[in-house]
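Pasting the structures here.
Across the two complexes that follow, chain A remains constant while its partner is chain B and subsequently chain C.
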Partner chain A sequence: MTEDFALKVEGLVTNFYTYEGVVLALAGVDLFLRRGDTMGIVGETGCGKSVTARSILRLVEPPGRIEQGSITFFDRDRETNEIAPIEILDLEEAEMMDIRGNKIAIVFQDPATFPNPVFRIGTQIAEVIMLHQDLGRAALEVKIEELEVNLDKTEGDRRNKIEEKIEHYKSQLDTPPEPDDNDKKAAAWKLAIDMLKLVKMPAPEQVISQYPHELSGGMRQRALIAMALSCNPAILICDEATTALDVTVQAQVLNLLNELKSEIGTSIMIITHDLGVVAETCNWVNVMYAGNTVETAATEEIFETPMHPYTMGLLVAVPKLHETKERLDQIRGSVPNLITPPTGCRFHPRCDFVTEICKNDRPRLRELKPGHWVACHNPQGGS
Partner chain B sequence: MKLRDFILRRIVLAIPVVFGVVTITWFLAYIVGDPVSMYITERTPDAAIPGIIESHGFNEPLPVQFFLYITNLLQGDWGTSTSTATDAPVLDIIAQRFPATIELALLSMIIAIILGIPLGIISATKKDKPVDHITRIFALAGVSMPIFWFGLMLKYILFFQFKAWGLPYLPSSNRYNIQLYDHVATTGFILIDSLLVGDIRLFFDALRHMAMPAFCLGYLVLAIITRMMRSSMLEVLKEDYITLAKSKGLTQRIVVYRHALRNALIPTVTVIGLAFGGLMTGAVLTETIFNWPGLGRWAVRSILQSDLAGINGFTLLVALIVVTSNLVVDLIYGTLDPRIRFG
Partner chain C sequence: MTELLVEIENLKKYFPLTGGVFRKVVGKVHAVDDVSLDIREGETVGIVGESGCGKTTLGRTVLRLLNPTDGKIHFQGRDITELKGTALREIRRQMQIVFQDPMASLDPRVTIKNSVGEPLIVNKIARGPLLRNKVLELLQAVGLNEDHLNRFPHEFSGGQRQRICIARALALNPKFVVMDEPTSSTDVSVQAQTLNLMKDLQKDFKLTYMFISHNLSVVKHMSDRIAVMYLGKILELTPYDIFKTSKHPYTFALVSAVPVPDPRFAGRAQILKGEVPSPINPPTGCRFHPRCIFAQEKCKLEEPELRDVGDGHLVACHFAGELDFGKSAQMEYAQAVSSS
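And then the complex of A and B:
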């Protein structure tokens, strides 16, 4: 393994134990995210995209449970560049808390319901910062800045005192003392404003002390992204982060994500059912169907030579501007009930290329071409 | 500024409510009992009766009498209560007895809130665990038991039986031990008065006397708060913003007590406000059972003896308290939930 991965998920199985029966939501999801990549996870509603995202952060709520598989997070030390693989499913809850929001952050789907309605935007961003970051230096910087503002206003003897103080604080910058709570808050607040500026929030100084209901959907989504980015996570998961937005705002947010990626070096995982979003922003695609990874390859490869019948169907189903059609193309049948999923390959009842083996044996993900993995018994060599 | 406007508007809006309550009570009270009977005993000569009727204005048409009552009310004269040993102005009686009632009501409210909110939270966070089951049974018992029955049972066990068994028992009547202590009312609240004069023993004696009636009165509210807190907490814990809070890496404690609690308190506060009005009704029963020298007992006697001024005065006071507590609830609401902040 010479490639530089940020995250590797193998054979992930997550079940939900409901009254109707056990929902086999994820039945062996495999995916990998290279460092610095933007990977798209596509699939129909209910195919397990969001459950995968939540499983990675171990945020699956009861009655859901992660049953087996491995999720390896390759933690790169920012200074030494040493990479330490961390098995997420083996971590203690306390260690997991150190990863959530800090190393792996998530932006959720619905900007209307995810921000806490009773707290100011700033409080919600500063909270993450205070939790995960060492604010010693930032707190000192805030203090120095304040003093410098005062310095301009005062004259005479007191000027010297303030200058002395500034010097004193500056000498501490490299080995900052543990700041007290108020200093921490001030520093986190200031960093929160910086985060809002980073996500191009208009008027960040005002927005920071506003409540979520006072903002528009797009602004709230930006605030959520700011929250997720505030600790420079190694991996950012966007769970349908743009689905609830207007197309214009969506484009802005996606551009923003791409810019941010180069700015803070985050690997991004975009979960969506919008192939347009994938084509525009991702360089790697992971296609999921009914709790399985069915195909994964570079974006161009997938769009040009899809090999799995499902991916092909998915691409054909996208309406094209230059074609006139009576009926839009679709994949026949519908998403299976995951309490009683089809045997063998879960796609076989809807597949045009189904053979006997598909009904009994579940295909594994195989690398059929260099850099192109498909889980299918009858891959369609790429048309 | 905006807050002041809000309060002013609410006060103006409360006027029709209070007026409605006074009107309905006044006419109802008139239908139910004959006020003249208060002034007549077996020994009153028949010939004197028309004079009594006339001197109290009972011969006037009803609307005129009602108009006179309202006019007097607006001038600060709530009428004369005839159900006490010596006839006394209603306002004087209220001034004298109100502290005992409100002290009891406040203490039971404090007990209910201090116990109810944490119990509700624990019950919700430990859903379907033994703690939850016990709490739910405890709360169910509270909403199911009538106050008068519960009060009698408390008194029977904690006073009569404990005394009979030679165990330390709780006193069953009065606000403090009249034989041992002197109480000079300054604020009227014994717990505060005793601390003001530095009489710690009176303070604890009063607390001991208050324990049973306060718990009896507060248990229902405690149960209501617990149930409400549990259900709203469970509701809130399913919300998306809780998932977001968890995804930030916050501990379960902070997620529950910072992110969920404030949202879950919003419906609970409404219930607390409504329950405070209910406490005044409960006080009538509790004070009767525990021989508490408060407004409740006076109200019961007023009703039994067709003391119109007493009935109307008590109802008006309760109406004012309910309106005020609703206003306070709305103010607390605003601080909890920025979406309904005024202005």
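And then the complex of A and C:
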């Protein structure tokens, strides 16, 4: 295929080895993210959405282990636009550090627990910037700016000296020397303020020296997004980033994500259980159930003509504001235990269209319509 | 008109804030501030609002789980605001609560039989084999069976645990049940099951619900009347479809902030500025004015009364009925759906 992918995951298997048995959390997840797309991963608790995100960043902690599969990240060079595929599962830990937070960044679910409570917001954002970015040029620019402010205040001999210094720094701009720690900090701090401005944080100059508990939930979430975006990542993963927020604040954050996408051209992966959030922000959807991708297609396609029985059930089970219904259409049963998952198709015990083959054979993801993949033996013709 | 079951008059609940060496009271959180609400027998009143608006505090204060700072609560015509000891315990049989997190409200070391049976033992209603039968009846009413009697909470899924909590709340055959965010910790498919179950039980047991949630769609699905709360006050109380006939700008903003489950209408939500102010120092005048796009000088100075704009539709806005909100994405979506 000649399509421009940012990330491709094939046959990903992640297990957790617990006392009660092996939890088969991911059983062959397939997904792809096109460059510039916003993709939503939807599913219920325990379907493996977050484990997928963590696997992509190799953040699965013991007792969890990535068993097999491939995760390919297509790294595009910012200057030459050349694309180099990188197999994430083959990387050394040190090479992974260069990708994690720098090229693929993640925003976690709960803004109340994630920012470290004992460090200032600015320190935490600046840390990411100092770790991943070459600050030589930025440090020089900060110095020049400072001197220019001084320049206006001084006169005579000293003025000439300052002018000389500015010229000196300006000549170094193209081949900046390695800055010392203080210069780095000053530059990173300034970039951090720029990032907070980008996410429309009110009063960024004050917020930067505040602690997380001084901010409200929505502001913390903005700070986290700023932190994730501070290295201009190729892929931003939002793991239930708006779930803990109120509707009005959620609307603000979603709006921000939509705007940022067009501004900085990052591919975004949104993990959520809320179909409304998906409809609002994503152009591609990946529906997961019990560790499998069951359906993937463009957002309009999924909402108009869902083909997998689970997707159909999910769409009608949500109470909607505009309709008045006596009873909701429910999916019977509950999410299976993944230590002993159902054989064959993992959805078959809850499915209304189950046949004999579903119990024994696991359906593969097939492209049933152009651009519409479904893993089902009895796909429903989009009714 | 059916009988009134619960009458709440000018209810206030402030939490003191202490500070300094001597833990002096330095301020108070206005969690519930002058709320009046009548609940009729057999109906479901939905309470909706953002976090920190006082909806949970209201639910708990009505049940006297928290003592009100001021105001009166009547249950079946009887003033229960000052009840104590045995009298309070007697009345509590009639009113129960289902909490948000079922895992936290079930003792992990007690079997389901004992958890659900405890209210029956405490109130000396049943013991021994009779108790077992009673508990089994309750479990069957919520869709569980005999096998589950001797299991522990960790052996159940989230949805099943919430059913157990509902069964326990129903053990004493109450009249009034406060549902405090009963489905916010469950999944979409399980949420539908739980909501359907609660509707069935309401018919079978002739229950009156106070349904508290932050999810507008769920509240709308469950309730006959909806009260919208903001910073401890009811801003709108409507017997109508909240989504079609909201008259308060806040209600309209809430409704239009709900993401529309249709990609064709993406990015059209009306976005409310800012965030909920602190309930320690609520804004003067109308509490919503700093975020309201229609705010005028009058809103900053005078606090609007909750007034009837027709047929028991109460709105606390100076300009109720005069404002033109335009059309929300939700409405356009509804039109598109109904016409197709």
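Here are some notes:
By our rule, the second predicted complex is superposed on the first by the 381 of 383 C-alpha atoms of A that agree within 3 Å, B and C clash if a C-alpha of one lies under 4 Å from a C-alpha of the other, contacts with A are read in each partner's own complex, and residues count from 1 in each chain.
Throughout what follows, a residue touches a chain if its C-beta (ideal position, glycine included) is under 8 Å from a C-beta of that chain, and two chains touch if they have at least 3 such contacts.
Note that the structure is a prediction, hence the values are computed from the model and not measured.
Model built by superposing both complexes on chain A: chain B and chain C fit together without a clash. Of the two partner chains, chain B is the only one that A:His132 touches; chain C does not reach it.
Of the two partner chains placed by the overlay, only chain C lies in contact with A:Ala251; chain B stays clear of it. Of the two partner chains placed by the overlay, only chain B lies in contact with A:Met97; chain C stays clear of it. With chain A as vertex, the superposed Cα centres of chain B and chain C define an angle of 80 degrees, given in steps of 10. Residue contacts after overlaying the shared chain place A:Asn116 against chain B, while chain C stays out of touching range. Number of chain A residues touched is higher for C, counting chain B against chain C. When the two structures are aligned on the shared chain, A:His273 is found in touch with chain C, with no touch to chain B. Between chain B and chain C, the shortest distance over C-alpha atoms in the superposed arrangement works out to 7 Å. Comparing the two interfaces of chain A, the one with chain B and the one with chain C have no residue in common. By the touch rule above, chain C contacts chain A in their complex via residues 50-51, 157-160, 187-193, 195-196, 199, 214, 216-218, 220-221, 241, 243, 253-255, 257-267, 269, 271-272, 275-276, 330-331, 333-334, 337.
The touching residues of chain A, counted against chain C in their complex, run 44-45, 216-219, 246-252, 254-255, 258, 273-283, 299-300, 303, 313-315, 317-332, 334-335.
In the complex of the two chains, the chain A residues touching chain B come out as 57, 59, 61, 96-102, 105-106, 108, 110, 113-120, 127-128, 131-132, 211, 213, 224, 227.
Across the interface of their complex, chain A is touched by residues 239-241, 243-251, 259, 262-263, 336-339 of chain B.
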